[in-house]
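Both of the next two complexes hold chain A, though its partner changes from chain B to chain C.
Then we have the complex of A and B:
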């Protein structure tokens, strides 16, 4: 029985390791910080994997080796209450490894969250609602128009309550698609109209809740061009699963052209640009296809 | 030996508590901690059957979203979320919290410390009945207009605070809050009772460092419950007020829901998350600590060896309990709270891995050099160790702020916590059932059926939950009712996962069916199982094995047991048997009175 159990434990361990090596992995990252997230994940998963395999091999070995059977039934087990030196040793070793991982795991976090976005960052306000995304661009004046929830009129396409009496709102563009320039820091101002949502594009390696009553500023830098799916990662109600949006990362010049258009021409031009970039593919900063995004 | 017998006989004539005669006082409104323990276990069994069935329906819906099922019809997205919410709530509260602590703790804590009953028997009875009412109220939410709530067991406002935010968020959500509040009260009563009993009612000679590790685990769990549940209760009351009396603790101004500006202002949705997780994280240790204690207990018993590093094990339980109160923020890295506090929570979170690793090392150390008897309870205890490692270790990934960016709220999290606090804790409960069944019912469960149950379940849970980690890495978000609509994949990057989704569902169905082997074995053995006539069928050392199977109403038939040694004196050189009971007064050479984890006496 002990040997069977040992074999099963080892086989399950092997199968788990094989599954992790089987090629299912993150979609290709498209941000500047993404490769470092991936690297930290890889380091951690290797440490975790080694510890996992070692513990399961050890456990399996004990049940393989120390089973009671007809040959050894007159012998007694080893009488020991432990070993303080060993306890200290493995406490210190695990503490050093685990806390080192925790400290290393702060680096990307600190870069993203402990500083404000650079002054030249491209800004967009993202306002989530059940079950869709709204994006507001400041337009040529680079100033966001005032919004007020009492002005929301969904049947007139004013989903975010943009105040058209505010001069800053005149050239603002509102859309359902998030468009960002490549290789330029992007600053998102995240808000929610109703319940808590979470902004998530797997290829960005970035996630942040959108909390009603708060305006959360985040920043990152996309480094690849293409179209990507935006998902909601915080349970927000009945159709949470279908709260799909689109992120389009464009070459700088295409983005500038788009943002300089009058608000009414924004959507047709965006559709035209989207036609150039196939969903699921990534493109370099000039717009040349370089591979798949997943 | 003789001294103890004399002492026992002297007490034989002493006053004994007579068991109640009427059926109702004996089995329904019983004050006997043993009956209450069994009542808790039965409640947990009923709850786990419901919780498990809901999870299978969820797998069906995820795998075949457009299928029209007999009787239940198509599972609509909001119904899926209702299943999810009630599955989580039932499993966390009414299974993982009731069975290990309310069930086994109630039954065996007084016996293992040599007490006649709990300190407050009436309170004990109340805590069970209160908990049962909580369960019934929760189930009622399925039968009200719009059905059960859809906000998950974490019930984040504003979704949970505004009735119009979704189906089930009206009456169903109110019932959910009431149920949880009732449950909190029941748990608090229980926790008070456990702490008082353990501190005041230990038998002569039962010093703290001679207690079985199960008692340490139940004690620490009770302390956690005493400190954590009031916070959830307070949060629940505030949420209830927000919903029904127009207060705004968790709801900010200007919410636009279903074309209406909500009449609230000034609240913070994040405040709920802090209150909830201040309870919620200790809660996962409430679920797992009793299993850890029992695993240590059973590994030692069936390896015929003292627990390796008993003292370190006690410290590790304490360290886990203490640190467990300082890590709640790791559920909230991306919630909008300060990124600096996220950093602090991250480092504390990875620190809690250290005592967990220490426990694992000591479990393996306990097996080393043993003479392992592979009885069914031992198989489940070994399974516990394997699963605890498999599930716990990915906490090192999720506890890092940077890695939470891609992993938060994906299936990776699902795989992690189901393995460690779900399945490992449930393996702890299986260990308890198979181990203590002869003591509770005076009969044995079938070893053969137990083994079949073990093999299928052990392999099954690996097949269900390890692939979920992969789904999480690829990017599958949790709490999605479906991933395809009308045969079309909604998110293209998840398309390659379809074979894994189907594999997991089949593994879940097989594992689910295997649990009926357990249910059959359990109820069949209660009436038809092989009789256990001895006090100590496993040749164990602790006090529950020093009384009849099942124990009499007052546990030790009027005798006050006296304890002479630590809990795990197996294979003591010079002793006549390979186990020395705690009540055995004989001395064996140099090893007398040891067993409190001092530096190794090697043989």
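Then we have the complex of A and C:
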């Protein structure tokens, strides 16, 4: 069994490597920062992949060489106190590798979370609740209307407590679909009504918690048009599995037309536009199909 | 031999004491709320029996002013809902030609012709079930009424799952419950122990879904139809306070006198501009946003 086990270890290692080399990867990214996140993942996978393969080859070799049915049954094991110099060396090498990866990765992460969104960014407030997504758009005046939790009336379509007495709220649009323009920075203001949720569109290459009592800002620039599934990535209750929404990235002119409509005409027009873009496909900035997103 | 006898005695005594303790623990205090046959106030009362001289109360509920237009509901989160009910609209105010639907009309209080209070009588629990269906991701009917301990049958005619969350007032004697009902699942049968005007029902899966259940100890209640009319049958002669309850406009009352075998007519009127619902909306509590400079823009 000893040598067979060694062979199994090597075969599993080979299968893992082949899986990655065969092109198995994330869904196509649709954001400006996405390629940098992918590059970071790739570098990390190459580094840890080399370490993984080396460790598995070594493990297999040990099983082959010293297994129960090896030819060296009478060979006696050596006792060692260890080697301090070697310990320090490989700990330092590991630390340098991981710290370098973290430093490389933090720039793109911090750019999404800590730097200001550009002044011309398209804004949308995303308010999560068990078990749905609510999106508020500021409308023509580009100002969000006031919201107040005491005004929430879910059976009257007021899921976020929008105060209709506020002049800024008159043209605000609320929907369950997140619509963003292509090639224009988008800023999301993430909030939660009840428990912690997590905003996750795999193609956007970021995942962000929505925490009750906090307004979390994040910004990015979509570069492809299409429809993409928005999922909640934080177990938020019994029906967490059903908490899904849709992100629709539209060409600039289509988005402008949509946002300039009166709130009552928003949903029918959005349905019409969604009909143009197949879920799972990606389109260029003019709306021409260019391939699959996954 | 003596020791054995003594040991047996101790064993018998210990067993007797244990059994007594167990019987006290299990069957000691009876929950008075379980039995509503003696009426809401717990006093012993006579059971009402029709004498054949009962009358009828009819009327209609008007809505003055411009009724708020029903708003389309965005059901995108559940494709099954959207395909089954593509033109769903809000149902808070359903009015046609100035007549208000879904108003719960009931006898709130009053005195029978023999001088007895209606609240002092008890009423037989009907054997019939009251059905609340989930169809097209909304509740049908929107408002229902039943008596304490009468069976409520909740059905799901949708191909998707629902989660029925019934929210009675805390401390009112009725229990809050919250159960999932997948598409194609059998009915859920429940009942309420106490009278309550009115119990909100929501779906935890589809936040726009709302219904109201009126639980009332007597059978003298009705829900207005699409033409705003209502009819309360079998009302014993007497003088009563008639109440009309609407989820957005609250409650209004009127005095009504029912003669033997007579028909009394009472109309109600709500102002479309008003809007003080007398029932909590049952929404989840929302935490106001705080300023957290670390994660805010800087």
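The rule we apply is simple: the second predicted complex is superposed on the first by the 273 of 294 C-alpha atoms of A that agree within 3 Å, B and C clash if a C-alpha of one lies under 4 Å from a C-alpha of the other, contacts with A are read in each partner's own complex, and residues count from 1 in each chain.
Basically, contacts are C-beta pairs under 8 Å (C-beta built on N, C-alpha and C of every residue); 3 or more make two chains touch, one makes a residue touch a chain.
Here the structure is a predicted model, which means the values were calculated and not measured.
In the superposed model, A:50 lies in contact with neither chain B nor chain C. Looking at the shared chain after the overlay, A:293 reaches chain B, while chain C stays out of its contact range. Residue contacts after overlaying the shared chain place A:7 against neither chain B nor chain C.
After overlaying the two complexes on the shared chain, residue contacts for A:242 are found with chain B and with chain C alike.
In the superposed pair of complexes, A:21 makes contact with neither chain B nor chain C. Of the two partner chains placed by superposition, A:42 touches none, neither chain B nor chain C.
After overlaying the two complexes on the shared chain, residue contacts for A:207 are found with chain B alone; chain C is out of touch. Annotation for chain A, partner touching more residues between chain B and chain C: B. In the overlay built on the shared chain, the residue A:156 is in contact with chain C alone; chain B does not reach it.
Common to the chain B and chain C contact sets on chain A are residues 113-114, 129-130, 149, 152, 154, 161, 193-194, 212-214, 216, 237-239, 242, 244. Residue ranges on chain A touching chain B, taken from their complex, read 1-2, 5, 8-9, 12, 15-16, 19-20, 22, 24-27, 36-37, 40-41, 44-45, 47-48, 51-52, 55-56, 58-59, 62-63, 66-68, 72-73, 75-84, 86-87, 90-91, 94-95, 98-99, 101-110, 112-114, 129-130, 148-150, 152, 154, 161, 193-196, 198, 200, 202, 205-209, 211-214, 216, 229, 231-242, 244, 279-280, 293-294. Put simply, chain A touches chain C in their complex at residues 113-114, 116-117, 129-133, 149, 152-157, 159, 161, 175-177, 191, 193-194, 212-217, 237-239, 242-246, 264, 267.
Touching chain A in their complex are the following residues of chain B: 77-78, 81, 150-152, 156-159, 162, 165-167, 251-257, 259, 261, 267-270, 303-312, 334-336, 339-340, 342-343, 346-347, 349-351, 353-354, 357-358, 360-365, 367-374, 379, 382, 385-386, 389-390, 393-394, 396-397, 399-406, 408-410, 451, 455, 458-459, 462, 466-467, 469-470, 473-475, 477, 479-483, 485, 490-493, 496-497, 500, 570-573, 578, 591, 594-603. Of all residues in chain C, only 71-74, 76-78, 90-92, 161, 163, 180, 202, 204-205, 207-210, 247, 281, 283-290, 292, 295-298 touch chain A in the complex they form.
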